[in-house]
Structures are given as C-alpha cells and as structure tokens.
Amino acid sequence: MNDLVQLASLAPLLALAGAVINGLFGRNLKGNAPGIIASLAVAAGFVLSLIAFFGVRAGGAVRVNFGDFLVAGDFKIGLGFHFDQLSVLMMLIITGVGLLIHIYSIGYMHGDDGISRYFAQLNLFVAAMLVLVMADSFPLMFVGWEGVGVCSFLLIGFWYRDLANASAGRKAFIVNRVGDFGFLLAMFLTYKAFGTLDIQAVNAAAPSLAYGAAILTGIGLLYLLAAAGKSAQLPLHTWLPDAMAGPTPVSALIHAATMVTAGVYLIARTGGIFANAPGAAATVVWVAVLTALMAAIVAIGQTDIKKILAWSTISQVGFMVAAVGAGAYWAGIFHVLTHAFFKALLFLGAGSVIHALGGEQDVRKMGGLGRKMRVTGTTSLIATLAIAGVPFLSGYFSKDAILGALLTSMPLGNYGGQILFVLLMLTAGITAFYMFRWYYLVFAGEPRSKAEFERAHESPAVMTVPLSILAVGSVVIGYVGLPAFLAPNAIQEWLAPVMAHVDFEHLSTSAEWLLLIGSVVVAAAGLGLGYWVYALGSGALAKRLGNTPLASASRGAFGFDRLYRSLFTEPGEGLAEGVASLDRDVVDRGMTGLTGVVPLLGRLIVLLQSGYVRAYAFAMVLGVLALAVAAALIGVFA
Amino acid sequence: MISLYVVLLPVLIALLVLLGRSSAALVRGLAFLGGVGTFALSLFLAGSEGFQGAWLPRMGVNFSLDATGAGPVLVLVAALVMIPTLLVAATRVEQNAAGFVALLLLAQAGLNGIFLSKDLIVFYVFWEATLIPGLLLLGMFGGDKRRQAALKYLVYAVAGSMLMLVSILSLKALSGAASFHITELMIATPSLSAGVQTWLFVGMAIGMVVKLPLWPLHSWLIDLNEQNHPSGAADVLGSLYKVGAFGFFAWALPLLPAGAERVAPYLLALAAVTAVYGALAAISQQHLKRFLAYGSLSHMGIIGVGLFGLHLAGLSGAIYFLAAQMLSTGGLFLVAGMLYHRRRSFMLKDYGGLAKSAPAFAGVSLFLIFAYIGVPGLSNFPGEFMALLGAFQTSPWPAAFATLAVIAAGVYGVNLYQRLFQGPTTVPTSDLSALELYVLVPFIAGVLWLGISPAPQLRQIEQQAALVTIQLERAVDAADEVPTVTLAGLTGGEK
Amino acid sequence: MTFPPVLNIDWSALAPALALLVTAVVTLFFGLFHKDSRHVAVTALLGVVTAFFFALARFLEPSEQVASFGLRYYGDNLALAFTFVILLGTALAILVSYDQLKRQDLDRPEYYPLMLLSALGAVVMAASGDLVTLVLGLEIMSLPVYVLSAWRTSDRQSQEAGMKYFLLGAFGSAMLIYGMALLYGAGGTFVFEGLAQSLAAGEVTVLATLGGALVLVGLGFKASLAPFHQWAPDVYTGAPTPVVTFMSVVIKVGAFAALLRVVSTVFPLLAPWLPTALAIIVAATLVIGNLSALMQTGVKRILAYSAVAHAGYLGLALLAPDHGGVAAAEFYLTAYALMNVGAFAVLSLMTDANDRGDHLDRFAGLGRRRPWLAATLSIFLLSLGGIPPLAGFDGKILVFQAALDAGWYWLAVLGIITSVVALVYYFRIIAYMYFRESEYEPPAIRSTATNVAIVVALLGTLLLGFFPGLWHNLLDVGQTLIAGF
Amino acid sequence: MVAFIILAVLLVTAGVGVVTLRQPVHAALSLVGAILALAAIYVTLEAHFLAAIQVIVYAGAVMVLFLFVIMLLNVGRTRTASLTWLKPAAWITGVLSLAAVVAVVFAVQRPLPEFEVINAALRGGNADAVGESLFTDHLLSFHLVGVLLLVGIVGAVALVQQVAPETRAKRAVAVAEPEDAPELVASAGEAS
Amino acid sequence: MVQTEYYVALSAVLFALGGIGVLTRRSAIMLFLSIELMLNAANLAIVAYARQWSAAGAQHALDGQAAVFIVLAIAAAEVAVGLGILVAIFRNRVSTDVDELSEVRA
C-alpha cells in the first residue's frame, strides 16, 4: 500500500506533463483536444489521489523522498512529499473539483483562440497546487505556493488584450507577493527557532518551546500574513474581487475551490505552531472574522454576478480561517471541502449564465433566467441554499461546526471568543441575505433586460453535467461532518491523527442543539429578509436601503482600494520615482562630482608647468631648500 | 589540466576569429565552436586535476588553477550562457562581428580564470584583465553615450581593483605567507591582528563592492547596460562579470575572517539597501535595459546580504544566486536585444500587446521574467532563498529588510511583462525566429536545471563555503591570542 | 678597509662599454663617408648587439671579480641587468630611427655616434661604483641627449627642448657635484663602499645626509622625480620622436641604476629622515605626473608625463632596495623599456615629416584605419597602465610588493590611486582609436625597421607579461652589492 | 687667515658681480675674477696644480670661449618683463638654503690635521701627486673624461655645423640656384 | 691655517650665488656663467675637504684633488655643448633670453 501511495507523487507530474504538452504543442492541437488532454491529466491525478486516500486510510501517513533540494552544511531541505490524511484530502478536492472544472471548461472555453494556453495554465495550476499540499517542507510548499500565484496571475490576465484584465492579474500577483514576503520571513524565523524547515519536524518541535513564546507568536503572525495574502483575508483581500477578470472556470477553481484555501491549509498544516501560540491564533481568528463580516457586507452592494461571489468567497474563507485559528482544524478543512463544492457550483452556474448571455455580468440586467436555464437555475439554487446554511445541506454542517468551535475554543476564550462568535453568526445571516439577493436577481423574478433574456439559453451538457455533479456534492458532502453528538464525525476523526491538539470546552447536548437551531434561525432570517427586500419590496425598499451609509460603504467595498491606492500604490510609485531620480541626480552625479576633483587638481598642477626654464629651476631650488632645511633642522638643531 | 584548457580555449578561438574576420560564416562557425567547446570542457571540469606552473616564483606567485568548490559551477553556467550569447554576437552585430565575438571569448577566458584561480595574484590578473574586453565592447559597439559610460566603468572598476591590489600585496607582506596560494595565505593570515585585517578587508572590499556592485558604487552598471550594444550580448557579459561576490566568497572572507566580522555588518546594511533600492528604482524605469540593470542590482544586493550574513547557507546561496542570475539576467538582456531588433527601441512605451502576435516570444520572456524575480522552481529561487535565510539567521533585521525586495520584484516583474506583452496590440510583431529560439533554449534549460536540481551544485559550492565558516571560527579562537602585527605597522615606513 | 687593487681590471665586465665606445668611434668615422645614415644605423646596431653579447656572456658566467678599478666599476648582476635594458632600448631606438631620420630630414652623421655614446654613459652609470665615475657617466649620457633634443634645429620646439634640457641638466649636475663634494667631505672617498664604511662611525651623518640629499636631487633630476621633473614633459614634447624613444628609456635606466646603487649602499648610513623625504618626492611625482598627463591632449605629451609618473612607481622600488626593490626596479625598467619604446615607435609612425600630428584627434578612428597599429599601441598603453597580464602589470606588482614589504603603506595606496588616473589617460587614447570615427587619414608610413622594433617590443611586453619569472628569476633579489667584501 | 678673508671677500664680490651685473661681458669678466680668486684660495689649500689648471683652463680657455660667444651673439639686454616675482623669491630661497647648508657644514667641525700631515699627504698638491691619484685611483675616470670631451666636441660640432646648410640655403635663395631652390626655400621658411 | 668649515661655507656662498644667478638672469649665457660658478663652488669644497682628509692619508686626500681635475673637465665639456646649442638656437631666434623658450608648457 505504501508503494501505491507513493505513486501519487506522479499526480503533479502528470498535470505538469499536460501543461507542457498544451503549452508547447497546443498550436497543433485541434478542437477539444487540449481540453481532453488536460482533463485526462487531472483525471489521472484524481485516480492517484484516490489511491493515496485509501492507502493512507489503510496504512497511515507516507513520506516519499526524492533526494535533496537545498543543501548547505546543517541546512538541508529534502525534495519530498508527505501523504497524510490532510494532504490526501486536499488532493482529492483539488483533483476532483479540478476535474469537473476542466471538463466544464471544455464547453465554456470552446472556440477561444487561446484554449491550449488556457488548459496549459490550468494544468500547471493543478500541478502547483498539488505540490503545495503534498510538500513535506516549507520551501517545497513555497514552490507550490508561488506556483499557484503565478498561474493565478496568468489566468486572471488570460484575456490580456484588455489592459484591465492584465492589471487585475498584476494586482493579484503583487498582493500575493506581500503574503509571500510573510511566508519567506516565517520560514527564516522558523529555521532560526527550530533549525529545520521540515513541516512535520517543526510541528513536532513546536511544543518544546515555551507555550506562547514570542518567537512562536512571531512565526505564527508571519504565516498569517502569508495566509492572508493567498486566502484574501484582511488586509490583503483586495485582489480577489479584481481576479474575477479571469475566465469563470478559473474563478471557480482557483479563486473559490482551491487556491484561496491554501492559507487555511497552511495554518492547519502549521497547527503545531498556532496551537502553541495562542496570541497568534487569536489574531488569526480576529482577522478572519472581521474579513468574513466585512466581505459579507460588501457582497450585498455588488452588482457583478461574479463579484458578489468573489466577496462571498472572501467571507467564506474567513470562516475557514477563523476555524483553523480557533484550533478547530477539522472544521476549517471541512468547510474547505463543502465550500469547494457549493462555491465552485455557484461560479460555474454564474459562468453558465455569462456564457448564455454572451458575456453580460451585471445582475441588474438579468432576472428570471431560471426559467430558460433549468439546470443552471436549479443547481444554483441548491448551492445558494447550501451556502446560506439551510439545514441538511453541506454548508449548514460545516458552518455550524465553525461557529461552535469559536464559541468553545479554550485559547480563544481569553481573546474575545464570544464576541467573535456573535460576529460570525451575524455574518452567517448576512450570507443568507446576499446569496438570496444574488439568486433572486439572476434567476428569479422578472427579466429586467428583454434583450438579454431573449439571448439566454441553457448551456451544453459538457457544462451542465459538472454542475449537476457538484450540486449532488453540495447536498451530500456535508454528511461527512455531522455534529459529533448526532453521529460519528467522519472528517474530524479522519483528520485527528495529523492535527495539532487544542482544548475545547465541552458543550452540553442541549447547547449543541441550541447552536444548531440558532444557525437555522439566522439563515432563515437572512433568507427571509432577502425575500422581503427583493422579492416583495420590488426594488423600492432595496433602493431605500441602498441610500444608507452602510450600503454605500458596501458598494465601495469599504474603500480599501482607494485607501491602498493613496496609502501604498501612489506613495510606492512616488518612492520608486524618488529612488530612481535619487540615483540619477544624487548618487550618480555625486560620484561623478567626486571624481571631478581629480581633473580640477590636475588643472592646478598643470599651471605649474609654466614653460619657463627659470621657474623650473626655481622648483628644483625649492626642493633643495626643503631638503637642506630638513637636514639642518633635523640633523643640527634637533 | 581541464581548468587550464577552459581558459586557453576561448583565447585560442578568439585569436582564430580575429584572423578569420573577413568571413562571416567562419566567424559564426568559430563562435559556435568556441561556445560549445568551452561548455563541453566545463562539463568535465568539476573534480578534474588542477594546474600548477611557476609564474613569479620568487614573489610567491604561481599560476595555479584548480577545479574545486564553486568555481566549476560558475564556469559551467557561464559557458552555458556564452553559447547563445556568442551566437547572437556573431549574427546580430552588423559591423565587426568578429571583434565582438573575440572580445566576448577573451572575457570568457578571463572569467574562467577568475573562478578557477587559486593564487591570489593570478586571481587579480584575471579579475583586472577581464575588464578590458568589457570596456572595449562598450566603447566600440555601444550607444551614443558609450564613451562617458566607458569612462565611468573604467574609473569605478579600476579604482576599486587597484585598492584591492594594495590589500592583496599587503596581505602577504604583513602575514609573511610563503606564497599567494590560497592555502598558504589561509594558514598565515589569521595571525594578523583584527585591526590589520579590518584595514586589509576594507581595501579588498572596495574593489569587490564595485564589481558586486553595491549601492552607492553601482552607477557604472546602469550606464554600462544602457549603452551597450543593442543586441544585448555585451550585457550578458556584464551580468557574468559581476564577480565581486565571488571575490568576497573565495578570497576576502576566508583570508581575513576577523576583518570580515568587523566590516560585514556595514556591508550587510549596504547590501540590504541595495536590494530594495535597486528593486524600487527598477519599477519606474522607462528604458528596458536600465530596467534590467536596476533589477539586477537588486539581485546583487540580495547576494551581498547572503554573503555578509556570514552564514553557511547564506554564503552558498549567494554564490548559487550568482550563477543563476547569469541565466535569468543574461537571457532577459538577449530578449531585450530581440525586442530592439524588431522595434529599434528600448523604451517600454513603444511596446505593448506583443503576446498576441508573438505568443512564443511572450511565453519565453515571461518564463525568464519569472526566473528573474525569483519564482520558486526556477533558477534564482534557491540562491535567493538561501541567501536571505542564511543572513536572517545571523542578522534578522537587515535580512528582513532585504526580503522586501521580493515584493518589489513582484511589482517590477509583472509590470515589465504587462508593458511589453499585454494590453491592446499596437503593431503586429514577428514571433521568435528559429535562431532566436535556439538562442533562448539554453537559457530555459539552464533556468529549469538550476531551479529544480540545485543540490549537486550546492554541494560543490558548500565545499568552498565551509572554508569561510572554518576561517571565521578560527578567527574567533584567535581573538584571545596576542596579535603579532599591530595597526602601528601600517602607519609608517621602514625605520 | 681593504679594497681590491685598483688596476685589477675585469675586462669581461668592461667589454660591453668598450664595444659601445668602439662602435661609436667607428660610426663617427663611418658617418663621414656614408651619406646614407641607414648604413651607419646598421653598424650601430651591430655594435649594440655585440655589446649585448658581451654582457650576456658575463651575465651567464659571473666572474669571481665583482668590480674593477677598486670597486669603481661593477660587473655585478645589477650593472649587467641594467646594461641589458640600456642596450635593448638603444637597439630599439636605432630601429625606430632607421627610417624616420631620413623622412624627417634629421639624418646627420653624428646622430648614431651620439646615441651610442649616450648609451655608453648610461652603462657606465649603471656600473659605477664611485661618485666620480657616476658623474662622468651621467655627463657622457646626458650631453649627447641635450644635443639630440635640439637635433631638429629648424624647429622652435626642438630648440626649446634642447636648451631647456641643457640648462636644467647642467643646473642639476651642479647640485649633484656639490653633493658629491659634501659626501667626500664626510667620508673622505668617492667610492660607495668606502663611503659606507667610513660613514658607519656615524660622526658626520648630518653633512653626509646633506650631500646624499643633493646627490638625490641630481639623480632625481635625471630620473624626472618631482619637483625636479619639469624639464621632462617639455623636452619630450619638443625633441624629435626617435630621440625621445631613446632617452625615455636610457636616461631613466641610467638614473635609476645609479640611484639604486646609492640608495642601497650609502643611504642606509645617512639620517633616517632621508627615505621619508624620498617618499615624499616619490609621492609628489606620482601625483603630478599622473594628474598632469590627465590634462593633455597630445599623445606625445601624455607619454611624456606618463614617463614622469613611471619614475614615481620606480621610486617605490628605490625605497625598498632590501626587500626585492632592486630586482623589482630592474624588471620594471625592462618592461618599461619595451612598452614605452613600443608606444613611441607607433607614435613615430603617426607623425608627419615635421614630427607633428600627435594630437588625440589624429588618433580617432585609428582602430578601423590601422587595426594592427592601433591594436599594438593599445597593448603598449594597457601595459603602461598596468593591466594584466602584460609586462607593466608584473613590474607594478613587484615594485608595490617591495614597497609594502618595506612598510610604505601610504605611499603604496597613493601609488595605486594615481594608477587609476593613469589608466584613465592611457585608456583615453585607446578610446579615441576605437570609440570614435574620424575623417582624418593618418600618414601612410611604411617602415620595416620601425615595425621590427614594434614587434620586438610587443613580443617582449607579452612574453614578460605572461612569463615574468623568466626574467625575474635571473635578477638578484635583495642586497648583494657588498657581497664578498 | 687674513689671506683667506681677503680672498673670500674678493671671491664673493666677484660672485655677486656675476649674478648681478647687467652687461654679460662684465659678468663674464667678474667670473674671471672669481676664478682667479679661487685659484688663489686653492694655493692656500695646498692645491698648487689645481690652482694652475684653474687659471689656465678656466680663465684661459673656458672664459675666452664665453667671451667669444658673448661677442659673437651680441647679447644685449632683454626687453619684456617676465617672472618678476622670481628675483626676490630667488634671493630669499638662496639665502635660506645657504643658511641651512652653512648650519650643516658647521655642525661637523673637525680639527685640521697638522701641517706636516697635510704636506705629507698632499705633497703641496703638485702635478706629481695629483697625477699619481689620477692614474691609479681615477684611471677609469680619467679615460672617461676623454670620452666626455669627445662627446662635447662631437655634440658641439654636430649642432653648430648643421646650421650651415640653412645658411647656405639662405644664400642659395639670394643667388637663386634653380635646381635646389624649392626644397631649400621650404626649409628656410620653416626655420624662420 | 683656516678651518675647513670656513672654506666650505665660502663655497656654499658661491654655490648659492650661482643658484641665484640661474634663477634671476634671463640670458642663457648668464645662466651658463652662474652654473660655472656653482661647479667652482663644488670644487672649492672638494679642495678644502681634500686638505682635511690628509689625516687619513695621501690616497684619500689626493682622491679629492684628482676629482677636482675631473670636474673641471666636465665643466669644460658642458660649456662646449651648451654654447653649441646656444649658437645653434641663436641662428634661428637671435635672442638668448631663456624666458622666450616657453612655448611648450602645461
């Protein structure tokens, strides 16, 4: 079994192979060939992941080492993969959801002249993402970490001829680089603290340091910075809405299902550190909860079908990060899993709509599309309900687990756990509200734009089949993590061996029930409010609400972009300009000026060469005088 | 003996090229032969037997080359880079291509000598001699302001290296070493007092900092790159000839450990400043080559950070980065040359949207840009990572500051790509020609090779890096002993 | 104090000088009957070669007897090494003159005899073991050069050169002779070894020091050390190029040979401040020579100032005669002779019939118009600038190493800093040749003899550069001058 | 002592005359005076042969040569002022140097040997004694003096003689010899 | 007998006068004369010291006197060459003013 698990090491290579084939020979491939090749590569990866999954289930974690990556004396970084419960689960999500999205893309991208480039980049992404989760050391993880960032950059700017798209990609890349900066520093500090960068070794060694040691907190905060960059958490969240410039399947895969959850994965992976650094962990939760709340509010005010989902993603990832920050690693990963399904589904649904409308993305021009697009409409409804936290759908369980964790996490108790719980609960309600708005404006009600409505048609099967599969998943996947007091919590048990231990208060069964019901109430309230505002109020109320300051803040996404522009971008550009002109006008000129002294001196010296014999003789006499005086003074009088 | 041949072969080919200057085909053939031949020799370099010959025996100078440590790695990478560079020179230089090729080959010989010499004077000989081909390339084939740029280059380089020469000569005079061979010197120099070592180190450092280069002694580099021949081939040489870091690594640090320990913190600060400064300056450049020059300056800052952290991993990483940047920076300079070949301009504003009509070109360029900004999995990352990590272990704050350059690198990297290849298509451009593809393939191969499989090279580099750390430890041990030579010895003549 | 008998003469050591003398006389008479100066040149060359072989024979088989005439005429390693350099410089200068005299209308019969006599003087200086012989050698060396400097009598600059050189030279000689008088007063003899023994008692150090200082001034004048150097740029500029080729080497070798002899025998017994004074002189020479050269626009004048600067670098060796400085100076002068003659030889192919046309502008674009000429000149210039692996570099590290071994750190640093300036002005010439274009077509002068001189100089520069050990190993390192007595 | 003082005063006066007298002829004659005074001093220093040589060679030959040239060249006074600062500067430095040298000279005061010792060693400095030294210790120098004089002769002749062609050229222009004229005119033109 | 030092001091005066002459006179002839004065000063010093060195024996003493003879010859040779140059120049310039010989400078 061990050997079979090792076989899964091929998964990223296969994806890479797909990328290389598409990248180098894509121009010679006709029709759907690129998509099929890419999908096959990912499908193979999925199969391998399954093998690994069962292998790990049977025999526990497996490590593979292919030799050294970086060496210098004691500093040794291996080139190896670590298959354990967490990583194989992530691999399954990546390859599974990835496969569906690949297949969907065949339809979605049909006819685009960059299709081979698209699939090459998508495959490359899968490869990088797999490396990220499989890596057994931080540097190798960083390889995948940056790799996915690069692919994200490429795919966001896929339609690069529009400079706005390209700039969105650029922004994503740069903001992610800030996170990478944190990741690098975190690694440096980790090495300083532990003398190794092997993830397992670090996790094992972390408890040996004092609980809450400053260096652990420091490492934790730096990893938080890294996670915030990749997972679009405050304050590095601004790139994700812009990232919607990319093709929708990309948004589904990278910016919903997989890449943005890398931060969650990172924190879960380094649980050993966070479990021993309560301050850092609490910071994580605070950041995450505030992100979730902020993003949920912003999502209300958006009009772009994808941007609403993007903000929703930020908000939902906030849930996950909050969970792992609180020490409920399984809950975070659980939400990653469920979110992968319903958010991918939402995006693909949105993609289907956009595809049907020929590129229209403004929800104000939609409405009633559910009637013309049955599958899309239905599946989107399921996803909407799932994310809103309607009972018995996947989102309900995972969200509930997170809320419970926030309430009961012992370390968090000292850092305002209750407040966080309330805030996140509120966020859950808002989620239901804005998701209802999203669904209603797109699929229900009356069509607001006749022309668009006329154009709409259901997408081809290659797109709707993945939608359906995902819809099924969105319904059923939640049952792997039923609350422990109801049934065996499969995912919690699955992950338990590899997760760091954090103490939780034990809630009584009644409290558990109360919590379950509470979240139902909140979800219902959100949905009901949505129904009241959008379905019944027929716009008037929405308009009135739209005039409140909160609403304009929501529309403006709390002005982060503007703030960053005036706080970082413009001063940064100014700084760059300043340095450039400093270099040109001060350093360069200064150095030249310094050397300019030499010719000046030369000019003076040349003046002495007057051409007069007698002056030359005088110079000689002066020399003699000096020598004679020296002889007299030193030899006679001294 | 291979270490001697890798120095002699390029010289020989250079002379043949000059003799066969009248036939363009012959020049091209010889250029290719020279590039490939040297590369082939370099493949067998590591671990081969060294060469020893008397040179100025009574001054303690022996012509001693040896293929151990980091040298063979650098020679090999440089040889790989030189193949396409020579091809570009032989085909893209309109006037006097033979001269261009010959100068490149001579410079390559000098570089190989720098990397392989084990005698300090021989090292200096190569160090200084290699300056001349670079200067001539700039002056003979450069742009409108080439003369000013050449003068600047000359003054900076020579002023630095001459001071270095004084230190080199004093090193033996003061320590009483039997010869200038590295082993003899390493045995003898720790007996020098820390004060003396500091002065000697400062002397050597000035020469090496100029060629590293670090802020504020870098201006020559910018002008050099801007004014060099538009094919970019000479700029590739420029990126190979940043040998200051190697000088520190192979000579200054192991020979003067006590001095290094005193001076390194200041140099580390300078290096960290350089890393961020270069990256920031790169962001707002409008001229492609100046852009690359500043970016490269930033890399050199990171290399400096790795060196002056005086940590084994940092030292190894810095040298690895030095090798890697030859590929990424060199490749991008050739890309710049190819762009110029199409549009006759280096100004970024004249470009945009090229990816549409030249997808392969865009792809390769993006690949090299990613390598350039240190994306993991590509050549620059291992070195950059280890350099910063190593320095962080000993001096966290400067290293952390230098790491900021990573963010700035992201900014200038994607900015560059966007301004060249993305956006609306202006004028359609031809995609890579077959020749251009052949030129870029070695770079791609090299970038992947160094990015994915750094361990073998790192092990070779480590052998030599260990010398530095051993000497540093010896210096700490020697600190308690009574110094045999004091600073007073430096102030007066023989009485 | 037991000196060897005065009349115990080692003829093998004297042979090179005698050969030169005989050749000078022969050419003098030969010149009367041959209109074509080239035949005379061949004779002169033969004489020089003969002298060279005499010296070589003695060099390879050193005799027991170090000196003749009671330590007044040495046949030791130092004397012979410098004799080689003098003969080399003379031979090359003859080759450069071979065609140029005719072209520039300078071929009068006394030219070669004067040159040979001057070389003879330099040889005597290099071999001299006492002050009187030294002064005589100096005069024999100098007087012909005064005359040769004014050789182009119709040219105002040449006239000016001759007269300036003569006046200042005579002035300098007077200083030297007065210094000699004082040294005699202090030591009771003119023989260096005698002086050294006599001064060892240390009673008359003050007087001897002043005498030594004045000798230093006199010799420093010939060696063009600042502030006694000012004749050099003007004379080099005004004198005919073939003459400059000759004197830039021979005068310098003679002067430094004598200086080394004095510095290594008598100076150690003088007041300790004298080396410091010499160091200051050397420093001034380095700064003035190099900075002034930087300001020039004529190649000949650049080379003139560079000659001054090189005196400064040689001065470093003077300060360290016991630390390999002697061998360093010998090596440096050999290298200097080759590269400097080479540079002047190329220059002589660039000037017109009136010896004009050395302005930098005339060199613009030479790299394209005369690739080989430009390339060789570049090599000579780079060697002069001390770029490895050329002879000049090896010379430079040898003198710097000697100075550092002797503890002259500040001076070495100063020397190095000024070397940077030196490279700038040397490279400026190269930059003109290669980095500029020009409409000017340089004169098409075909001279096989000059070409031979250039090639010999080039090969020497390269050979000495690549294999410095070949020559350096043959030179005595350190103080071997008192050996045996 | 008295003789010394008288001669010293004479010598210095003559020396000052050489340096200050306006007319070259006067200055030259002043130098002759100085040389004669020196010769007399040589006598007081037991150097009789040298005194004789001094008078014969210097005052006789060299100074006559000088006077010839002065007459020949008809050296007059110069007109334009240049380097006016040099005169005071020269005197100051001269006097300072002199002071330094004298201080050094007097720093080493040695007792004069007895007259008998001097006489025994110098033998009155007669030709016999000086000749003995010249032909033993100074044998090489003596021969080199011969070479030096050869150099002087050849050099002087070479320079003075070579002017002749140009003088001829001028004459040639005057009588307009057709075949040589153009070339010679050219060189004459350069000369002027 | 007068002490040697007085003779040497006298020679120094003569030497200084010669030097001053070189610096202050403008005619080349006068410079020649001044230089002759300097050489004679040197001779005077040698002769004075020769007498002083009688103490060390005839060889040492006569060494000096012989040297004076040689210096005389040197002076003569210098004068010959110097006057030769002067005459040659005078043919072209009709002036012996050395300050006019200042075209080559800087």
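All chains are identified by letter, namely A, B, C, D and E, in their written order; residue positions are counted from 1 within each chain.
Everything that follows uses one rule, which is that contacts are C-beta pairs under 8 Å (C-beta built on N, C-alpha and C of every residue); 3 or more make two chains touch, one makes a residue touch a chain.
This structure is a prediction, so every number in the text was calculated from the model and none was measured.
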Inset, instruction - Just tell me the minimum hop count from chain B to chain E, counting one hop per pair of touching chains. - result: 2
Inset, instruction - Look at all chain centres (mean of CA atoms) and spot the one farthest from the centre of chain E. - result: A
Legend entry - From chain C, the most remote chain by mean C-alpha position: A
Inset, instruction - Looking across all chain pairs, point out the one with the most C-beta pairs in contact. - result: D-E
Legend entry - chain A and chain D, separation of their C-alpha mean positions in angstrom: 99
Inset, instruction - List the centre-to-centre spacing of chain C and chain E in whole Å, with centres computed as mean CA coordinates. - result: 25
Legend entry - Computed distance of Cα centres, chain D from chain C, in Å: 28
Legend entry - Rounded Å distance, chain A centre to chain C centre (Cα mean): 76
Inset, instruction - Quick one: which residues in chain E touch 2 or more of the other chains? - result: 4, 8, 15, 18-19, 22-24, 26, 31-32, 43, 48, 50, 52-53, 60, 63, 67, 70, 74, 77-78, 81, 84-86, 88, 91-92, 98-99, 101-106
Legend entry - Multi-partner residues of chain C (at least 2 other chains): 132, 136, 139, 143, 146-147, 150, 153-154, 162-164, 167, 171, 175, 182, 185, 206, 209-210, 233-234, 295
Legend entry - Contacts with two or more other chains, residues of chain D listed in rising order: 82-83, 86, 89-90, 93-94, 97, 101, 104-105, 107-108, 137-138, 141, 145, 148, 151-152, 155-159, 162-163, 166, 191
Inset, instruction - Kindly provide every pair of chains that touch. - result: A-B, A-C, A-D, A-E, B-C, C-D, C-E, D-E
Inset, instruction - Give every residue of chain D touching chain E within the complex, in rising order. - result: 1, 4, 8, 11-12, 15-16, 18-19, 24, 27-28, 31, 34-35, 38, 41-42, 44-47, 49-50, 53-54, 57-58, 61-62, 65-66, 69-70, 72-73, 75, 78, 80, 82-83, 86-87, 89-91, 93-95, 97-98, 101-102, 105-106, 108-110, 112-113, 115, 117-118, 120-123, 125, 129-130, 132-134, 137-138, 141-142, 145, 148-149, 151-153, 155-160, 162-163, 166-167, 191-192
Legend entry - Complex contacts: residues of chain E adjacent to chain D: 1-10, 12-21, 23-27, 29-30, 32-34, 36-37, 40, 43-44, 47-48, 50-55, 57-63, 65-70, 72-81, 83-88, 90-92, 95-97, 99
Inset, instruction - Could you pull out which chain D residues touch chain A in their complex? - result: 82-83, 86, 89-90, 93-94, 96-97, 99-101, 103-104, 107
Legend entry - chain A partner contacts - residues on chain E that touch it in the complex: 19, 22-24, 26, 31, 98-99, 101-106
Legend entry - Residue ranges of chain A touching chain E (in the complex, touch as defined): 606-607, 609-614, 617-618, 621, 624
